[in-house]
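Next come two complexes, and both contain chain A; in the first it sits with chain B, in the second with chain C.
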Partner chain A sequence: MSRQAESSALAAAPPGAAPARWTWSVLAAALAAGALLPQVVTSTLAITLLTQAVIGGILATAVGLLIRQAGLVSFGHAAFFGLAGYFIALPARHGLWPAEVSIVLAVAAPTLLAFLLGLVIVRIPGVAFSMLTLAIGQAFHEFALRAREITGGEDGFAISLPRALYGVPTEIFQRPQSMFVIAWVALVVILFGLHLLTRTRFGRVTAAIRENEERARFLGYQTVVPRALVFALSALIGAVAGTLFALYNAFVSPEMLHWSLSGSALIMAIVGGTKLLWGPALGGVVFFFFKDLAGDLTEHWPAMIGLTLIVVTVALPLGIGGALVRLLQRLRPAGGRTHG
Partner chain B sequence: MAETFAIEGGGLTRRYGGFTALDAVDLAVPDGEIRGLIGPNGAGKSTLIDVLSGRADDWQGSVRLRGADISRLSAQQRRRSGLARSFQRTNVFPELAVREQLEVASWRAETPNVDEVLHEMGLAAIAHMRAADVSYGDRRRLDLALALIGRPTVLLLDEPAAGLSMKESMALAELLRDLASRWKVTVLLVEHDMDVVFSICHRITVLHLGRVLAEGTPAEIRSIPEVVTAYLGSAVE
Partner chain C sequence: MSELLGFRAVEAGYGEARVLHGIDLAVGENERVAILGRNGVGKSTVVNTFLGVARLRAGEVRFRGAPQRSLQHFTAARAGVAVVLQGRHIIPNLTVRENLLLGAAVRRPGAWNLEGVFELFPVLRERADTPGTALSGGQQQMLAIGRALMANPALLVLDEPSEGLAPVIVDELAVVLRRLADGGTGLLLIEQNFGLVRRVAERYYALSKGQIVDQGRLADLSLAKLKEHVAV
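Right, the complex of A and B next:
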């Protein structure tokens, strides 16, 4: 199969089409699998790793969405992830308002910030956009690092959460078995929501703008706001990941804002495949397990991840997800199309 | 009472540093006319299209669409006012299916006519294919089809026949003439293929070094020695 044909096979469904019946089946099966997995996987270590992987997968989905829907590569998504954490941690530390309000703000504030930033930075193409996101992310990191009296500096600090959040015992968010289910449900809902979004006019128009911004303008489209909205949506997903991370660990530190986390999310997205909505999430799971495995073998595990990235980029340009789709198509040549 | 033109440019000037690409060009194209815009490379043809369509920055003069001043309107606003354009280089959405991109275009149009355009442009058979997977000739027709969505009032075409075979070029010329007549679209056509220009244009404007060198019917243009010497040569003899 040619690369073009592969790309076609990975394209989304026709515009405006109602979700196929299989979509609902996959949604139900995915939710059920997530609920059952902690019953099957009894190892606390494994379920802890899975929980981290799913949260990482959500962050990777955010980065992947920006690439897939806007053609923009962010090196600074840790900013939205980390800001969400601090939006929960700081009000709790200073007793400003209830934690439930903080959780809403933790998702809403980075989203709004991203939209406002997006109105300016999405106009800047290519590498310059990536560098701007890196600079913005590092600015927040530096602030968290230096404003010790506010943020606790490099050491970070533990988040004092109430006993219950929205009537749910807080320990539910901190036990790996239950947090895995929460994170998994969040991931599945996000992917399903994005799947539906790609079928809307907004999804189609943003795809067109990604493909050819100038032509979209000459068809009468305003192109900055839609791209800023995609950037904000991507930040929202990153903030959801950061919120889950902060609730799970009850701890924040500047590491949550560091560029290396943005880089890891980007690696996850590329390894999983950015042409598929679920590719980055798959990349997140693969990344965390590979990192754990490589960490057991050598302290130079980052080098192994780097090598893996090179191999995947060269050998599997559509990522592991794309390779899986290709394999399935070969096994079932007369089968239906595969959906993102 | 002064005549209202479909598209009208007055004193259009565009400079790139010390180079004047357009030098106080006046152009007025009446409703329903197919106007050819010819001239050697660097004459200012594409720059004129860019100024009229809202693609160019830092230009002087005025642009009117059916009498309304659109000089300050953005490219998007001009498109929504009924001024469409195609591009010198094929400018489509490579990863989107042919029908899909025409539908995206139609959502901004007051009169969505996707099926009509697919049929008229002979693209119906490849409507499901990605633009990246269709032939060059089909991509050129798709480029034109995108401009035709919504039945624009004025169509600015920048070398629509570039890269096409002689047969394809003449077929495109016939199609343009037919559509312009039936849909009552005013066309400003930049084209190096003189067979296309002289076969379908009602009038021709010749640009040279950013200025209007001559304007007239194809027969008149053929008879102007400076034009023949400077640009046409034996191309239309």
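Right, the complex of A and C next:
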């Protein structure tokens, strides 16, 4: 199979028809696995790491979606992640409105902001787009750092959450065992939703715009709004990750907005494979466990991550997820296509 | 017969370079028209002008008799003019079916739908879930035509559709284009393959150095003169 055909097999999904039975089976199995895992994994350290990995995986999914569906690389997704945190933290600090409202705003406001920004910046392709996202992300980071009276500056501050959120005891969001399940369900629902989205007209149009914007325009499509919508959807997913992170840690700081977090999310997406919807999430899990392992071995663990990124990029251009799919295809030569 | 596409004294080109000099042409409803000319005389620039890729410097482009103040990429599609560009431009990471569905960007009423295209090109049904770029050249041309038909165009413009195709496939293409024309779709064929032109078109414009140097009915054009117009 040629590289292009292989990429297509990884990326495309048959459109129009209702999801196949296997899709529902995978969804049910994934949800069940998430519910069972905390029962099986008894180590609090391991479950804490898994919770962080899943939240990181959601952020990586946001970055990966933008690459997969719009061909755009963001260096600034920490902005949406961090803004979500501050949208929960600041109203709670100043007693502006109930925390439940803040949580809705924490997801909605970064999404709206991304859509409005997207209408301008998605017109600019390639590296320039990446640099703009970096600049926007760093602008928010700088503001959080310098506006000490509002944001607590570099120190950040603890979020004073009520005893219950939407009738659920707040401690549920802060215990690794239960937060893992919440984050896992969020990740699975996001991936399933994106899987369905790729099968719609919107999914086809955005894929066509990514591949050949001029051709899509000749066919009669406006191309800016769909790309801005993909950017906004990607920001929404990043904001969900930020919301979960803020609820779990009950703490915000400018680190949540820093470009290094955007960079880590991008590394997770690349390591996992951006041709697959679930690749970046897999990359997130691999990233966190590898970081933990490398951190035990040496204090220079970032160098090991950098080295791993180089190896993966060269040896596995479709990422670990892509390599797994390839392996499965080789083991089952008569098998059907693999769905993203 | 109402005019679908019209050029009035069109001057157009790229940057500072002018390629078309005072072009007048018209394609009416259900007409089959060919634009003939050697390489580099400006045939594709005619298409690029009404697609807004080449810059219109003087004159007027009309869709359905209405002068266009601003030519955007999508103006033609929305006016019912679908274009099959040279090189086919199949979207690589989409299947045949997905490529076809993309063609329905402009939802004009009409008979063409996925089933209709599959009936016209049965091979596309067989390969519906195959990546579009995994098809042969001839099949890709069918896919490009099928995708254009999904918009139910009043006028189908084909830029060098026979390019790179085996003679037997070109014969098939001629049959398909005749069927489309018989079904009421207007055709504007930009082509150097004189065999295809003779089998499909009823009227022609011959271009040389960005100007129309001859026009008329194909039936009145001798084979020698036709070959002269399209000689490379």
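Following the convention adopted for this analysis, the second predicted complex is superposed on the first by the 337 of 340 C-alpha atoms of A that agree within 3 Å, B and C clash if a C-alpha of one lies under 4 Å from a C-alpha of the other, contacts with A are read in each partner's own complex, and residues count from 1 in each chain.
Going forward, contacts are C-beta pairs under 8 Å (C-beta built on N, C-alpha and C of every residue); 3 or more make two chains touch, one makes a residue touch a chain.
What you are looking at is a predicted structure, and each value in this text was computed from that prediction instead of being measured.
Chain B and chain C, once both complexes are superposed via chain A, clash. When both complexes are overlaid on chain A, the residue A:207 reaches chain B and chain C alike. In the superposition on chain A, A:220 makes contact with both chain B and chain C. In the superposition on chain A, A:142 contacts neither chain B nor chain C.
Contacts of A:100 after superposition: neither chain B nor chain C is touched. Which of chain B and chain C touches more residues of chain A: that partner is C. Of the residues of chain A, those at positions 4-5, 7-8, 11, 14-15, 201, 204-205, 207-208, 211-212, 214-222 touch chain B in one of the two structures and chain C in the other.
Put simply, chain A touches chain B in their complex at residues 4-5, 7-8, 11, 14-15, 201, 204-205, 207-208, 211-212, 214-222. Chain contact summary for the complex, chain C toward chain A: residues 51, 72-74, 76-78, 83, 85, 89, 91-95, 97-98, 101-103, 105-106, 129, 131, 133-134, 147, 151. On chain B, the positions that touch chain A within their shared complex are 53, 55, 74-77, 79-80, 84-85, 87, 91-97, 100-101, 103-105, 107-109, 130, 132-133, 146, 149.
Against chain C, in their complex, chain A makes its touches with residues 2, 4-5, 7-9, 11-12, 14-16, 201, 204-205, 207-208, 210-212, 214-222, 337.
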